[in-house]
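See the structures that follow.
Note that chain A is present in both complexes that follow, paired respectively with chain B and with chain C.
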Partner chain A sequence: MRLPTWDEVNSDEEQLNVLETPLDESLFVAGPPGSGKTSLAVWRAATLAEWYKKQIPVVTYNRMLRRTLKLAADDNEIGIDVSTMQSFVWQDYQRRTHNSPPTVPPDPFAYRWQSMIDRLQGTEPDYNSLVVDEAQDLPAEFFLYASRYVAGTMAVFADDDQALSRQRSTLEQIKMAAGLPHPKILGENHRNTPEIARLAEHFHSGRLPAATIRRSHTGDVPRLVRSGSITSTTRRIANEFQNRGGSIGVIVEQNSTGRSTYESLRDKLPGSRVARYANELRNEDSIDVRLPGITVLNKESVKGQEFDTVFILELDRFIPCTSDSELRTMYMMCSRARDNLYLVYGPEPLSTEAEAALPWSDVLER
Partner chain B sequence: MLLYAYWNQRRHLEELTEAFNQLFSMNRPTEPLIAIDLGCGPFTGGLALAGQLGNEERFDYIGVDRSQSMREFGEQLAVVAESLPGTPQVERHWAADISSVAWHEPLGWRPVIVIVSFLLASPTLQVEALMVELEHLLQRLSRGATTVLYTNSPKAGPNRGFPKFSEALKDADFRRVADEIGTIETERRTLELRYALFHRGQQHTLRLGGH
Partner chain C sequence: MVRCLGAMMLPQEQTTLDLPEPQASLWLGLASDNRRLFEGLQDGWLQPLPSRTGSLVGVNSYRREHQEVDGNRIPVRIQIDVAKLPDLKVVAFRNNKWRYITLSQVSESDVAVYWPGVLPLISACNLTVSSDEQRVRLLSIGKRFSNIEVPDVSVASDDNVEATQLPVPPPEVDVELVIPPEQDSIRGAMSMALWAVPRIDPWMRVLTASLSPQSKGLRKHANVVDASWWRFPPWAPTNDAKPNDVQERLWLAALRVLGSNDCPRPGEAADRIAAMALQDCIAYEASIVEAWRLATQRVLRAEAAIEFADWRDRPVELAIQLVLSRPEPTAFKTWFVEDQVNLAPAVAWSGATLCGLYRGYKKLDTRFRGKQVQREVVAVQALRMTSSGTGVSWPYVSDDPPEWRKDNGNFVLSWGGWEFACKHQQERGKWYATDLGIDAVQRDAIALAKERGWPCLSRVMSLREGVRLITGSGMVDVDERTMIVRGNVRVGLLLGDTVEDLIDGEAFRRLVAVEPGRLPVPPSSEGNVKSNEATQGIPGLKLVRDFLTEAEEKEILAKIETNDWSNELQRRVQHYGWRYDYKSRQVDPSMHIGPLPDWANRVGQRLVDEGYLRILPDQVIVNEYRGNQGIAPHIDSESSFADGVAMISLLETWEMVFKKRRSPEKGIHKLEQRSATILTGEARYGWTHAIPKRKSEPGAVKPGNKKPSRIPRDRRISLTFRKVVATIVDPDDERAGSTAGTRK
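Moving on to the complex of A and B:
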């Protein structure tokens, strides 16, 4: 008898193509870092807009992500209408009721979802579809609101293994609130080198499978660096920029460190692009993190971004990870780097616990 | 025990070698395989697979056998095989039963091949329990494409568990690619056997609990 060959056995293997999901159906996609969620979100929005011949709103978590989505769309000459969830809901509610959304003081963005949902009862969705990126960091109530009053169908992109915010939602909560099908998992990582992905995986605490790494080994293993002062840290960053160029992201825990790092880098690299983004500066539209140069930002703002090289400063404030939320932070931050990654601490040595939280030197070079 | 292993091993080895030879005659997996050998004996499936994949490939081998001496003998054979030229790098994991398999890699997408060779011939084997444990193990290892390779004697008796086995695989979304009784030519002789192959593609849909 002739036995089947590997190709015959695998002939039924379907390529996962989430964009082939019919346009009048909802779509739920879960994908690890580097799997292309944001690009897919942009394409889905563009395809839907063309099909319905109407603008399809795209909603994301923060303003830096809104900027990233816009830049990705501009690159492909796609016109999309992106908002943060907070401003989208504010405007949507205001337009429908001629009132501002009720909030829980003192936070002007802590919406009273239940009373808003009750108030809109009986009204119909305005849009054909809604696209949501970084959905894991949005509250579950938003998905209830959106599925009832914003759009008939939704395309939702999420990774709850990277969720940071307090109001975050699990995939189950999103699915239930928005009435979505089971999520499709994206399985390939096109961003990180295998060396970087391996370090990120060390901090991975969630349930999505580790993606298949599509990039080749470079031999550049992430490095653990002790630095005596901000000046010596910025000297190293400036050297890296002068030697390799490209886009560099510098992630800090404290805004004060961000400020002094930024000032020191700006002095060292006159004439080069050195920027600092902070939520309160509201300067996202003047920054393009993809261009050669350095961007200093905090963990919240670095979500969904990517750089050729990443420096994570104040490592001693991020490890040891004592909760899943701290692990998710490390996992998300490490996977921002495409080619090179440095974890920087000092001037004090790492605590025994922090040291123990790090992988062996084949994964993180000392 | 060792004598038994040696005589049986020889036939099983030839048979599986030919099965893998035909399976990988045109193409090979693009990612490193994970091979699970149920009732593995002394590294039989591992040797056959290593012989066909060649030294450019590497794979993980999970050998499950109740008999400790068989697992130890398997490890000895594996060490010898490793020193021969043209043998791939094989990471070996031995376990007395499926539920005690130690696996430290994160869940990923690597292709899996499950070797079920002459296992169902055992009259005490509980097919349903085996399938539950196997599915459990697969969920820990990989969401990648999974191929189940079944070989057995062509006689009816040793195959009595096959209908249940086949049904359980179908319920777990496996497709039956082949199921035949026939002969295969090995380098030394003609062997009669029952051969079946089942396949399940990558599991892209994450089934969430609740609604």
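Moving on to the complex of A and C:
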């Protein structure tokens, strides 16, 4: 994970307040993509672990995010213990009661929170602190459970702009359930170049204001590319990789496109890291998206990830956006890119409606 | 004489002679908060508060900069050693009056000093906070920033902070210490040039000559390696520069555009560099510049890949394309180690240096800044190379040019008597230093030159005395020194006649310095070291069973258990000899703890005596692995530790996984209880090693079973023995302390 320079953060009062929060206080942080929540979560867990001289559990939403957190920690040889919320709760409950958590059939992960909470009545939390990332995707009941029975203080990181899952909690619900202070709202974007952020904001529809860009002008304007075939698309991706190196994310809408893009790239770049992630492949542990190389994934899996360069393929399937949730998807995908962003369509020209949904050429070069 | 690596061998009297009389150490103290500290730590220059021209500091006490520390900010006390500051005119508060004096006249009886201008934090300053919680928080916040490294922080009560205001506010003074804006890009370029310099003699000459006051000898050294444009170093004024060709033109244009303060975007920068290079150039050159501009724009749009094939004709064109494609040094780094190991050194080094110029020092990741001594030296020297930086005289800077020398497989750089960097010699440097007079070396050199098509070989026919039969339709005329053949002939040779390849040693060494591509390890004349287990596939890996006896294992464990464990990592660790910074992945002279304990010294000595290590190790890390704990694939820091790493396994037998860099090749080896595992050469530098995170280890295969049984893990203790390189400070010299350097 790329760390900012001090000058990029020094006027971001909210971020500094988060960093300076004393270690025995709970912390609640919300912010748009790119404001650095995930990396702050890892950092807070490591700091607390050093202070308490004990591991601090970290909980997140899905396996790909868990992997991201683990890698971020490994990078700095920081020891943190990351689980998905489902497995954390399962193990925690099992350990305390020697029973599996009761569920609502047929879903083995639909926990009956109320009966679990009742059952644990009178027991004490046994961790000093708990860190939760992507909290907006977790059910509010989890926070009630965690604040009562898991840890004395909590550090919770949430985003209410990019929820793609069914179980979403609002900031207010999380705050009430976990008994947290008011959220500190991170308002600045440290991930994207201003050029990329401007394009992402074109699709912004969230309740939180779009972030103020903090990175200096070092990047070029995102580009709209029409491509005649998968081969010509992958040639360009391979060029980009050879020229710039770094991590490249290729986002597709259809799994079939993902497969053929992956195969074509693998043939063009033997010896380099080319990987494809899909939820059903369950291969997240073999992928390190931050290493130099290319990762092909779909819009669900790209959430929470960050790449030096992003290619969004099949643009014609993502725009024009007809709902808030489609706008959010475009916003979320664009904001995955740190330095360079390409929107790719073709071989057919864009429809008039799709064309109209795109910003002018000073924001998106054609 | 320079005192450093070899200093330990000097007699004690001699080391004390050249030090100044010990005097009561004077320091200036500022009580401020974490935000001001970080502001200053970015590049080591703490600007005065807005609307001030300087900073009010205490003498051997702390002066509060703000009345109150806001919110959750962390109050920090900063201590600066007076001996490390330039002798500027200051105002001192003495006997209730402000007096104009120079810094060297400040004495303990002064209450406070008003420092005129920027306050230097470039020397390792001492930091103090009031509680452990503050210390953990401060260090931890510092880790969030790529361009900050917080020095050691101590914890003490804040009684020596002067809370009362002075009866008279300080008078205004002329600002003495100003940092001109160009200092930052010059310093960035110097840092990256030092980081990326090809580790081979001719390039070391170019580097040191380029940093010399009048660039003495630079033109000659640059021509030797076909890098004529280096006669215009990024840190020297280029106003009167007269380019000889289009590559030099582009280089000069890039220096101006990338070194300017407004930081254009890559696409824009390419246009501006082209426009500047086009000024006053002839039509032929103009067509090259324009073609380069268009090609660069295509590269930036990913329409084409950078074309490296004709690097000889357009080295600067490629270097600039590299930088514009990867404007951040962190991304640039992978050019060298992963994606484009085939870069010619001239292109790679020029690109890296431009990258530092473009990025500047203040934003530069700390990993590219070198060790503390280098940071200080580069800060002051870069300042001296700016227009306004020449007037101030610094206590540890001289006008001597920088120098380099080779020491035990390392290039050691010094400047004004300060050894500030130590670069491990790699394959190129080793080839350069090989003796082509040794048969095996010459054979491999010829094979290498043939494989790469290097123009340094000739074929020679050696004939013994006698008559040879010539057949064929052609004619041969022979006089004393020539043989002229017309048409085609065949010469019948006698037994003992030979046709062989000869290598031109000088040409070969020059090619080693300039040609692209990773080189193989040259043959060495060193004796074979013994090993008692075959480790085919991983050259340089040795596994030595039963290196310790059971009694020794017990004794060492007992010693370790009585010592304190550090919890800074997921697993518990103990450090002996030197601390290791897991964030910056380096060892600094300030991290010297002391000599190794007896048990560790004995084991280290045995590793050397039995031929497993060549140098006596001076650092030991004890790692405790419990249950499913492991360690991610890594290579031990190349800049911190010498070749030759030994790991000794106690308590249990676990597997270690080795993986070749940039290759799917893997190897798994059991590290037997009480065995030693030795990594040298390729195994040390070319393979990662890891302990998998899992709950059990494979045991023996039981009769009737195909798979081995699994043995649950409990606890393994690993002792890693290494030699810290660039031991810049004499570890026994207490006076040098944390200032990390010694003088002539």
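The rule is short, and it goes like this: the second predicted complex is superposed on the first by the 343 of 366 C-alpha atoms of A that agree within 3 Å, B and C clash if a C-alpha of one lies under 4 Å from a C-alpha of the other, contacts with A are read in each partner's own complex, and residues count from 1 in each chain.
Here is the rule we use: a residue touches a chain if its C-beta (ideal position, glycine included) is under 8 Å from a C-beta of that chain, and two chains touch if they have at least 3 such contacts.
Here the structure is a predicted model, which is why all the values come from computation and not from measurement.
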{"item": "Chain B versus chain C as contact partner of A:187, first or second or both or neither", "value": "first"}
{"item": "Chain B versus chain C as contact partner of A:30, first or second or both or neither", "value": "first"}
{"item": "Partner chain in contact with A:47 - chain B first, chain C second, else both or neither", "value": "second"}
{"item": "Touched partner set for A:175, first chain B, second chain C, both or neither", "value": "first"}
{"item": "Comparing the two partners chain B and chain C, which touches a greater set of residues in chain A", "value": "C"}
{"item": "First, second, both or neither for A:112, with chain B first and chain C second", "value": "neither"}
{"item": "Contacts of A:16 with chain B and chain C, given as first, second, both or neither", "value": "both"}
{"item": "Which of chain B and chain C A:246 touches, first, second, both or neither", "value": "second"}
{"item": "Touched partner set for A:271, first chain B, second chain C, both or neither", "value": "second"}
{"item": "First, second, both or neither for A:6, with chain B first and chain C second", "value": "both"}
{"item": "On chain A, the residue positions that both chain B and chain C contact, one per complex", "value": "2-7, 9-10, 16"}
{"item": "Touching residues on chain A, where the partner in the complex is chain B", "value": "1-10, 12-14, 16, 30, 171-172, 175-176, 182-185, 187, 201, 204, 207-212"}
{"item": "Contacting residues of chain A [partner chain C, same complex]", "value": "2-7, 9-10, 16-17, 19-24, 43, 46-47, 49-51, 53, 55, 74, 76-80, 195, 216-220, 223, 236-240, 242-246, 271-272, 292, 308, 339, 342"}
{"item": "Partner chain A, residues of chain C touching it in the complex", "value": "34-35, 38-39, 41-42, 71-74, 133, 136-137, 140-141, 143-148, 263-267, 299-306, 321, 325-328, 330-331, 334-335, 338-339, 362-363, 567-571, 582-583, 632, 662"}
{"item": "Residue numbers on chain B that touch chain A, as the complex places them", "value": "18-19, 22-29, 31, 106-109, 142-143, 145, 147, 175, 177-178, 180, 182-184, 195, 197, 199, 201-202, 204-211"}
